[in-house]
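Can you read through this structure? Questions will come right after.
The first chain written gets the first letter, and so on, giving A, B, C and D; residue counts start at 1 in each chain.
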Amino acid sequence: MEQVNVRWYVEDVSAHSCPVAVAGLPGVGHVGKLVVDHLIRALSAVKVAEITSTLFPPQMYLSEDSVLRLPRNEIFFVPETENHQPLLFLAGDCQSTTPEGHYTLAEAYLRVFDLLGVKRVYTLGGYGVGRMIEHPRVLSALSSSKLKEEVIAAGAVINPEEPVGGIIGAAGLLITLGRLHGMEGIALLGETSGYLVDPVSSTAVLDVLERLVHLHADRTELTDLAEQMMTDLAAAAASAVGPRPPDDLSYIG
Amino acid sequence: MEQVNVRWYVEDVSAHSCPVAVAGLPGVGHVGKLVVDHLIRALSAVKVAEITSTLFPPQMYLSEDSVLRLPRNEIFFVPETENHQPLLFLAGDCQSTTPEGHYTLAEAYLRVFDLLGVKRVYTLGGYGVGRMIEHPRVLSALSSSKLKEEVIAAGAVINPEEPVGGIIGAAGLLITLGRLHGMEGIALLGETSGYLVDPVSSTAVLDVLERLVHLHADRTELTDLAEQMMTDLAAAAASAVGPRPPDDLSYIG
Amino acid sequence: MEQVNVRWYVEDVSAHSCPVAVAGLPGVGHVGKLVVDHLIRALSAVKVAEITSTLFPPQMYLSEDSVLRLPRNEIFFVPETENHQPLLFLAGDCQSTTPEGHYTLAEAYLRVFDLLGVKRVYTLGGYGVGRMIEHPRVLSALSSSKLKEEVIAAGAVINPEEPVGGIIGAAGLLITLGRLHGMEGIALLGETSGYLVDPVSSTAVLDVLERLVHLHADRTELTDLAEQMMTDLAAAAASAVGPRPPDDLSYIG
Amino acid sequence: MEQVNVRWYVEDVSAHSCPVAVAGLPGVGHVGKLVVDHLIRALSAVKVAEITSTLFPPQMYLSEDSVLRLPRNEIFFVPETENHQPLLFLAGDCQSTTPEGHYTLAEAYLRVFDLLGVKRVYTLGGYGVGRMIEHPRVLSALSSSKLKEEVIAAGAVINPEEPVGGIIGAAGLLITLGRLHGMEGIALLGETSGYLVDPVSSTAVLDVLERLVHLHADRTELTDLAEQMMTDLAAAAASAVGPRPPDDLSYIG
């Protein structure tokens, strides 16, 4: 097994060429992962490639029928329709186990994006602020100041002081290393407590993303999760018992 | 010293060819290790190969006469008898010291298995549930859904929700990477508290394994350990003193 | 991306040749970083080269207009003037994420220094003493005992017992590995509590450095920071509330 | 800089050929380091080689005159005299920063030993037992059971149950990997609390070593340290104040 392994699921890569990719890997509040996993299902995206890596945790996942599989990141494709342009998605179980591995993996994703003709990358994630946020803002960071007006018009906030500490992991690296590949990059980070999986923040990020890529997908599933979260929190507050713990990811599915 | 070193203890590798391997390395509750170490002794298995590695901890072990040896994993062979088919065992002191090393070592074990003609791998381990379990279930995860009926018939439980978090380390990797080598794989994980070396859980795993490989070995030693554990726990409960601490492995031998 | 990447910002490297380099990377109390970042601004130093590395944390930084950039170390140049000799500066966001990476990065900096004709390296840093120090001493360590008189004359303290534990990271490695490159080296470490970003200690280090390199730069900015720190501490003592926490680096800019 | 660097301090390596090496690197209670550092001074041993490594901590040491140096391990030689056979010593500041690095460094030391004709290696260290020991035993572990009688006759204890957990780091690896180089190996571990630098335990180890290598060196320095330690401990017990803390290594010199 190589350090990074790409397995293609389509015969004709060029037929899945697409200028726009959206990445949502696990991270703070799973904000980005919730959005991308939701869109892949809502748009019936097709799997194009799978990345496995010795830089991922040595933790095997159960799929249906209790069949074990390697931890993986996946590339999905949605063709152009009346409602939206063609889109690629990067989704997955995990990020690197080491600091240096983050660079290696981001480069691997970008090489796949290069083969697929990607010219712009959106990275979705969360920005932990340490308290519950009812109406989360969506902070943005860019590969170039030329993109500033576009993201502000879509409802994101541009503030060089935020996120404090910058952006850690793939959500940041795909923007900075992507620029070296000639790609535009826009990071969208939803404010979130940092303690919970946060579909409310994901909904705010999805709002901005939809305006940017001219997409309108059914969002029943994500809205249901968000409503359930608000109900849970209200109940928790009423009973003075703490909220659902952060590692309870059971409703990601 | 290479990163992984295999030393053969037999001249004719092909004479020890065997379609079935059973792996039980140290892990949660030492459930898998207890079973495999027990079977190696009960069946008088013969050592076929030894793996040492710079990915193992730099901790040297004392053998009899206080002779020091490297930490190691070992492959043992039992020929076919009236009571069972031929079997290979993977046993050892330790697993990798790094996440990436788990992948490297699993690949090394599988290359040895390839040379020995292995077509099916059983991996044995524990699943920590955080409380004492009197009648542990044995959870199974598979390389293919085709194996489902067979393991259920042998008494294992198939539930894609369990173990929560999947399987970490060699017990999982030998199944997923083994599939890439064309091997069938069945993981058997006995429920265990996670706090103690647990021969009771090991006995439950052995029950399932014996049905799967049509084996019936003397199990006096393992039963004695399990009975002693139950007696110790009853005494600990009576005296309100905590049970034997988890790192006391002195009765593994 | 290579493990270490050097990007030159000038066409003619030899035109920026300079015998003296001053390094101030992040470390205890950010003492060295404050001095070097201050001098780069005060002397309007010109950027000569940028070092990025997979050994840096995978944390992307926001620059103005919320454009994301890789973590980096930078080399700046100031030509000779009436007030001082020509100078090079090594500044940056971070140091290595691994012990071995510290050696790799120090070697990379020294190769750049070799190309720029550097013959002497000053490294600036802090020495944490665990209590507030009103009048910090500046401890020095050397590449050769020949340099002893010079640094004592400039106001530094030479004591082989201090800093206890020696010097960790680039401030030490640039001296010891630099000697293998034929460079003289002088480390200047300002005493500091270790709990706060400490412009007071930086001012003491700058005093010694200015005498050694015959430099006199405007230091309004650094003095303002130091005065603000003393005011903050006095206020904190008066209100019995703890001082500004150590990770509040917001006034570094 | 290579991962491991050997610099020879003698022109004629073969003139320093010697069948016996004694290794005492930092470890539990600095028991082995105290003995070897003491013998190097007491016997006026000559430096033969120096090992530096990127696997050592990036921590630079101050020598006299505040000159900085890399962390290092050193090989010293003492020629044959009326009082003893010729001896080599391995001494130094540190061990590896990573588990895998321990294997790499042990192999590097053994390659140097090969060049110097070493046939037997003694490794000295401490065995932490978690309580103060007035009359420490010296436990031994071996490369071969043939050596058993010899070490027992010299006053060491052979017990396959001790040290519990085996031997970690160079003191163990030089024995196990040394056997692959055709060298005999004897580890001598003095019982020690594990909380303090322990010259009392070192004295016990030196007693056994001297019988094994037929050496009788002045031990005033080590005895003085041991007496001071006993006095300190008695005073600490009397004042009910804790003993000298474990990281106070100031009297190692």
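Following the convention adopted for this analysis, a residue touches a chain if its C-beta (ideal position, glycine included) is under 8 Å from a C-beta of that chain, and two chains touch if they have at least 3 such contacts.
Computed from a prediction, not measured in an experiment: that's the story for all the values here.
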Hey, which chain ends up farthest from subunit D, C-alpha centres compared? A
Any idea what the CA-fit rotation angle from subunit B to subunit D is, to the nearest 5 degrees? 90
Cα centroid separation between subunit A and subunit B, in whole Å? 38
Which label fits the chain touch graph of this model best, line, ring, star, complete or other? ring
Judged by the touch rule stated earlier, which pairs of chains are there in contact? A-B, A-C, B-D, C-D
Subunit B-touching residues of subunit A, taken from the complex the two chains share: 1, 3, 54-70, 97-98
Okay, in this complex, where on subunit C does subunit D touch? 96, 99-100, 102-104, 106-107, 140-145, 148, 158-163, 165-169, 172-173, 175-177, 180, 185, 187
